[in-house]
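The structures come next, written out as structure tokens.
Two complexes are shown next, each including subunit A; its partner changes from subunit B in the first to subunit C in the second.
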Partner chain A sequence: MKIKQDVAVSDSGFVFNPTTGDSFSVNPIGMEIIKLMKEGKSMEEINKSVLENYNVEEKTIEKDLYDFIEMLGHYSLREENGQT
Partner chain B sequence: MKKQRYERPLIKKLEDNMPNKFGMRKEYLPMTHIDDVSVKELIDQYGSPLFVISERKIRDNIRKAKTAFETRYPKVQFAWSYKTNYLNAVCNTFHQEGSWAEVVSEFEYDKAIHNGINGSKIIYNGPDKTEESIVKAINNSSLIHIDHLDEFYTIRDVAIRLNKIARVAIRVNMDTGIYPMWDRFGFNYENGQAWTALNKIMHSDVMNLVGLHTHIGTFMLSPNAYAVAAGKLADLAIGIRDRYKHEIEYIDMGGGFASMNKLRGSYLPGTDINPTINDFAEAITGALISSNFGPGKLPLLILETGRALIDDAAHLLGTVISNKRLSDGRRSTIIDIGVNLLFTSFWYEHNITPAQPFTQYSEDTVVYGPLCMNIDVLRENISLPLLNRGEHVVIQNVGAYNMTQWMQFITLRPRIVMIDMEGNPHVVRERESLERLLEFERMPDHLKDFKL
Partner chain C sequence: MGKPKYTIGVTALNAIDSPGPGIPIIRALKQAASFDVRTIGLSYESLEPGVYMHDLVDKTYHIPYPSSGIDFLLERLTYINKQEKLDLIIPNFDAELFSFIKLEPELNALGIKLFLPSQEQFEERQKFNLPEFGEKYDILVPKSESIFQVNKLRELMKDFEWPVVVKGKFYDASIVYSENQFVTAFNKISSKWGTPVIVQEFIQGAEFNVTGLGDGKGNTIAVVPMRKQYITDKGKAWGGISIAEQYLLELTDKFISQTKWRGGFELELIKNKAGKFYLVEINPRMPAWIYLAIGVGQNIPEALTNLALGNKVEAFTKYKTGKMFIRYSWDMIVDLEEFEKISTTGEL
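Right, the complex of A and B next:
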């Protein structure tokens, strides 16, 4: 599960996909997750990191993370062959 | 290390050059309190969903409306439109503020009597007045507004039988430049029906023509339509005076002033475009004062304003059941408030406000109710902050027609509380229970048992 190499991520909460020309705004927790993905972290590691830093139940983050990654796919920001 | 408040991760495509019609939402704040009472505590104590009515707001609204008219016209009387919200606590708040009762069925008539209102202060409208209710209305000297000629004959026959005089008015429909024209109620002005009815009344020994009534529509956005209507009723009144030397006591302009809700499909919020009660007052009183009533002869002006007096005095509180992603990528949120409780979501784009703090991030969301029915959609598309399951929302401006047109469908109807002037909540309607509903049902003997 990886973010495409050429996708640009800014610190101010914007993501740019040079292939399609689309820009996206991302909230801070979304930014954190994208950065972890860029570092090549696994789903479990991301899960764990969010649980450590946020006041949230495991079942909630599991569901929301799955949804978020699905949206990254929907916007063609994910490596096609990356395992999820 | 203290953990941060959780918000679900969000990625949103920026659509450049595309004016975002939802981007118009002004920065808004969570609605954590209603009349200084915490929304969370209300839900903890009385359950979710929950209707919450503000007594303070009702009194404030009726006082402002009275001022709007009384500063422009010598004799004004409001009559509370029962069908808009006939919870007894709501009716009595209006009655305490001096409003009469305006009813449109025997059930509503009996409810007004039950509330202790004097029969002579009940305005009886509508096309279905049962004979028994006409008996009561004549005996109580109520104001009977005749809708059609069949009703005229019934009233005449009952009055003869009782040997009493019925106090009557006719409802007049007319062209006020508004489309569609409401011509199904009452007698038409332009084609002479109104005069036919008036002549019949004037020739009857058992009827006293006390007034003229119209109700030109509901959620009206044009004060000028009221000026036209008031002018036409004034013409009829003056015509009766000239022809029969009879002076009517009142002109009743009905209801219909728009509240501050936003109609579906309208781009601008109601607070930006809807006329205020002062605009309507100016139009109506201006037309009456400039008509040909002699000095000191202006009739009493009655108003049956409904929604504009109650919509913003009630809120509907609810809870997020789930956040879901639809097949096309759209976000949807399911809350425990359905169209069975919020009938007006078929006409209005209701504001849905979180009841707890949120960040500036939002997502275009479809808001569904809890019913297992495809029609159960509260908002097709609303920009909502990121709500977690179990968090609460407040839907504003729900006071008119919801607590009367709601349905017992799939779920039970919830409690209604009213917050008094001191900030104390009172339950004014209990939640429904299975036991209560079963009381209406009867089981034929042969259906009592079954084996599976």
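Right, the complex of A and C next:
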């Protein structure tokens, strides 16, 4: 699971894909997830990190994380051969 | 040693709602690092805004419409050259390019350089030749047919599905959804631009443009791809952003190396939902959004000038992505005397 290396994320959560010209806004948790993905963290590591930092149930975060990562794929922000 | 100073004639001063590239090209020339410039506007109409932009356009002369024939154009350019000693002319209207390409030897003899595609290159990329162009160079293009008479529509629609795009030979395009709309669009476009009228498969998707510069020997000197972010009802980009889509860079290299394109150009593409790029148009001149290229580090008009004048030009190797252009309109206050002068004497 990898995010494209050239995808830029600003401190305010503005995400820009320089290949397609698309831009998006993500909330602070989304920003953190993208940052962890850029660092090459696995799904389990990201899961763990979010659980440690936010008051949320494990089942909820698993589902939301899966949806978020699917959405990144839908918007061509993930490496095509990346594993989810 | 100081920088050389060139006198450069530029057309398309119509910085209007569907703007010509003349003003952004002049801005780029004024910012050139390798030379100073005196800019000579070449206008067709007294109300082209560039005529009155004296901080950019040093002097303007009217020139005759292409329909007047190349002899009148040569006569007028000879007169202008006597006053100004032009080093280069950068023509920017599709409809005038044929005349300038034809006149290149005569203009060269007057000491005026051009840097335009050859007549063959110009013809090959005409809208009505796009299917053959796509096939020859293995580039995906939408299905299109040229028609001269509106009554050919029924026969044509056996191979097309509604909606279709109806395009003029030089300018104008409408998306039409029915026979009635088609007839209206055909009549409007053919009365303005003549025939053939081009009927093109409608490709739905995001619009991308590429501008660049070929040296005429197959080398890419400049290339900047852009995605349109805001499109006017005339289909013109009002805002756009520079991007790094590798496919567009490769396509442009292929276009330049295979055609040995000489001069500036714009490729218009649409990316469909399946992610495939269709080349819908090749414009044989720099686009109205050319100033974005300068903004991202590639002064294409400067490089074109240096190529035309035989100076050494290094190919650009990078540009900034994520830079946007946002176009705006601006009202100038102009004294009637200025309008009177350009209207009556053809000079300002």
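Quick notes
Assume the second predicted complex is superposed on the first by the 84 of 84 C-alpha atoms of A that agree within 3 Å, B and C clash if a C-alpha of one lies under 4 Å from a C-alpha of the other, contacts with A are read in each partner's own complex, and residues count from 1 in each chain.
We take it that a contact is a pair of C-beta atoms (placed from the backbone, for glycine too) under 8 Å apart; a residue touches a chain by one contact, two chains touch by 3 or more.
All values reported here derive from a predicted model rather than from experimental measurement.
By the touch criterion defined above, A:Leu65 reaches subunit B but does not reach subunit C. When both complexes are overlaid on chain A, the residue A:Asn53 reaches subunit B alone and has no touch with subunit C.
Look at A:Ala8: by the touch rule set out above, it reaches subunit C but stays clear of subunit B. In the superposed model, A:Pro18 lies in contact with subunit C only, and not with subunit B.
Set against each other, subunit B and subunit C touch different numbers of residues in subunit A, with B touching more. By the touch criterion given at the top, residues 1, 3-14, 16, 323, 325, 329, 359, 361, 386, 388-389 of subunit B touch subunit A in their complex. Within the complex formed with subunit A, the subunit C residues making contact are 206, 208, 226-227, 229, 241, 243-246, 321-322. Considering their complex, residues 6, 8, 16, 18-21 of subunit A touch subunit C.
The touching residues of subunit A, counted against subunit B in their complex, run 15, 22-27, 29-30, 33, 52-56, 60-61, 64-65, 67-68, 70-72, 74-75, 77.
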